[in-house]
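Each of the next two complexes has chain A plus one more chain, namely chain B in the first and chain C in the second.
On to the complex of A and B.
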């Protein structure tokens, strides 16, 4: 492992503060954008010896020709082939015998991971390429105008699923899907828990095969929250149990953070995309959250019939 | 037309083997006109924990020689996440535009 120190799992903030920013400011991202924060945390965790591959999405707009905020190599692939571009770069590095100290990270949105780029990701995981795939999940196609994706929560408002009905379908469980597909390390994370995320990224970099991290990154215009409320919105999603933080290694699930299990209303009230919800709908969301947590904590995570 | 733009803006590609590379010499694009509110740090209360530096999406925070954080006014977009996250509430808000 390069650029990470003696013990890669330990995160010493005082040491990291002395280093330069690997992504500078002045990007086209919205104020209070959490996906950009995700890039920063990824680069803080991995250091300078990193190649970042980006599938089309909001984060493509960070580097617009002729300007770039990145101080690392950055590649923009099409929306559907983030995994394949990364695999190609890894093959090239292997041919030059330079792959040992280089981290290859794919940073793609939830549209490019859950929907459009699923076949490239699935192929990458199946071939066990040594690549870290980070999905910044803002629960919608935010770049094209906040359409619903398969990562959108049930009853959430998007531009294609307007109120009073909202999104009629629940979201996919991507980390579980990739774990069953053969990924060495799968995890969920949230930008409101940066130390947890950095630890997971560093752990993923030590794996021999591919790893997948699903990062919940609140989107200010998409979730209809104020710019300064984005981190709080993410934190409440975790604290209410709507976004469990866990990691899967060799099909063993470990819960990294035990939430306070606040009522889901607290998380839903804050976000403008859930403002149209009626009481029975809120109760239904609460019941599914409780059920999901029972499945995880009682060791029945891999059972399929209750989903 | 693109070549002309490069000449006009005096952009240098200092990467190795054709990899584009941002350097300190290259000027940052200013985003100060996006901002309505501005964070102001009270150095008497600051405990140098670095949480503002860690949570800033726009990499606006750097540290001076004494180890205190400084907010770069050129790239700060005024999202005020640092105000929310500060554990000792050392950062206050100042309105920059839209004053009555």
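On to the complex of A and C.
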């Protein structure tokens, strides 16, 4: 059992929010940055007996010499090895009998998770290492200037998938892949639903093996939304059904939030990265969402392609 | 106790005697036997450390980094393409001033793919900020792994160490090796508490970005630590000599007294070259040999002191930097700048190409006869 108390689901978030934050303000993050909010929520959920491993990306720049916002041990290795650096840390703690009551959490971007770091993540999950892996998913390689990753949605504009076509490929589904890879617990989450995310992190901390949480974290310059609208953008992604919130335990899926199923155009029109979409493309996205939502709610989750 | 073991087993015994706490690893020929040996010990309960096989050398190096920054003593090993895959992590490990010992079992690089030894893999790591010890015998491999931890964990240094042996020639060749008693090593090698590590009681932020001049300062400190390590390596080697009567130096001078021509080289083949020197000495030829043992930091002064009075020097490289020549050659020339010696480069033994005493005799005859300073291929 990691350090989340005897009954991890009994957790007074309001009380916890009043405590000292384990990541301070004043980082280099953009205004309206959701990934950095994700770190705050992760640390609210896990508390101070936590070691955080970062894979190269935007969040690497949160600590720049000689400043650090972290009040927990934090390390950055390289981009593709979040899973294996974490495995090494667990190995080192085990060897010194210090692994009890310590949460090990990887906080890596979608490029570092879906693409270049997939091997290290898969190895970590395969070996059932007791590590929580959080992917802060802003649907692109944001730190290098918003290039497409395999988490980028179909037709989205990135600097390597410019309009008029945008990204020709649909995204991978990492939570599903990791569930089949052998993770004890997999979930999707969104920064716009912080309580849901905190609950999932705390649940993950109780697992014996690996857990994977795919956290949709809107990015102001990447999604081309206003800094004050990033949370709204995330909320609309969930409410339109484009980012369903669910968890998978022993291949059993639980849908944690029933979206209002607003028309997808509501989410798409506020994001500059979808501005170039034609009407047939919007319709295609809408039809896919409706079809896949139906599949996951009617027991055909493993057949759905994107969700 | 004296045992007949090969180089791989020697390295494994080094890790066992040093009580390595974590062994993250990935198999590759000709290294695999090292990790197999440790795995077998672990299964029998003779090895107390954590043993984890990862999914690539890159991950093995990453896990080695992770384990070491928690304060654990880490050992791993690799070769050739595996070392190149680890390469990305090596400057990260040295940049974070993370102590550990990595045994590299030299094997030629692909393509064409080969299993046999040359030094292109290990020498490619020369700028990674690791202390590099290149061994000649199995005994030296075992000794260097143990000494490696003492050097690496020194508070003034905190740099990782590569201990190199040659594939096949070391790794699969059994020789007499003295395995020191555990008690002696426990006294020689206490495990110091690291000041910089990941600890929830004393949070630190590691591996962060540093911009502009701050970056320069970090690199300068790394360089400084490397230069400071000369002193530490010397002290540790002296202490080891007192304990075991086995003396090691930065460079090994072989019959250089009164020599006019000499071979400069590294690695296992030195033993064959020494035999060639003996044969020529018997015939009255004034020849000798210099083996570089400490390759990084580079012991310029000792090299110059050993070679400055010679007339003809043959730098024999078992590696090739295409478009330039041997890798040792320019380094030796740099160390000997201002000396009058004629320095010639010979490339031999690539991909484990067979070499015998006669090859070194030919090289020594050639370097004396030849009037021009040049680069040659000995095939």
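A few notes on this one:
In this text, the second predicted complex is superposed on the first by the 292 of 307 C-alpha atoms of A that agree within 3 Å, B and C clash if a C-alpha of one lies under 4 Å from a C-alpha of the other, contacts with A are read in each partner's own complex, and residues count from 1 in each chain.
Just so we're on the same page, a residue touches a chain if its C-beta (ideal position, glycine included) is under 8 Å from a C-beta of that chain, and two chains touch if they have at least 3 such contacts.
All of these numbers come straight from a predicted model, not from anything done at the bench.
By the touch criterion stated above, A:49 is placed in contact with chain C alone, chain B being left untouched. With both structures placed on the common chain, the touch criterion links A:230 to chain B but leaves chain C unconnected. Legend: residue contacts after superposition of the two complexes on their common chain; A:154 is shown touching neither chain B nor chain C. By the touch criterion defined above, A:126 lies against chain C but remains apart from chain B after alignment on the C-alpha atoms of chain A. In the superposition on chain A, contact is made by A:73 with both chain B and chain C.
In the superposed pair of complexes, A:171 makes contact with neither chain B nor chain C.
After overlaying the two complexes on the shared chain, residue contacts for A:25 are found with chain B alone; chain C is out of touch. Common to the chain B and chain C interfaces on chain A are residues 65-66, 68, 70-71, 73-74. Considering their complex, residues 48-51, 53-54, 60-61, 63-66, 68, 70-78, 80-81, 83-96, 98, 102, 119-120, 122-123, 126-127 of chain A touch chain C.
Of all residues in chain C, those touching chain A in their complex are 21-22, 24, 49-50, 52, 54-56, 58-60, 62-72, 74, 88-89, 92, 198-200, 203-211, 214. Chain B makes touch with chain A in their complex at residues 2, 5-6, 9, 11, 15, 19-23, 26, 28-31, 34-35, 49-50, 53-60, 62-63, 72, 74-81, 83-85. Residues 13-14, 16-18, 21, 23-27, 29-34, 36-37, 40-41, 44, 65-71, 73-74, 194, 220, 227-232 of chain A are the ones touching chain B in the complex.
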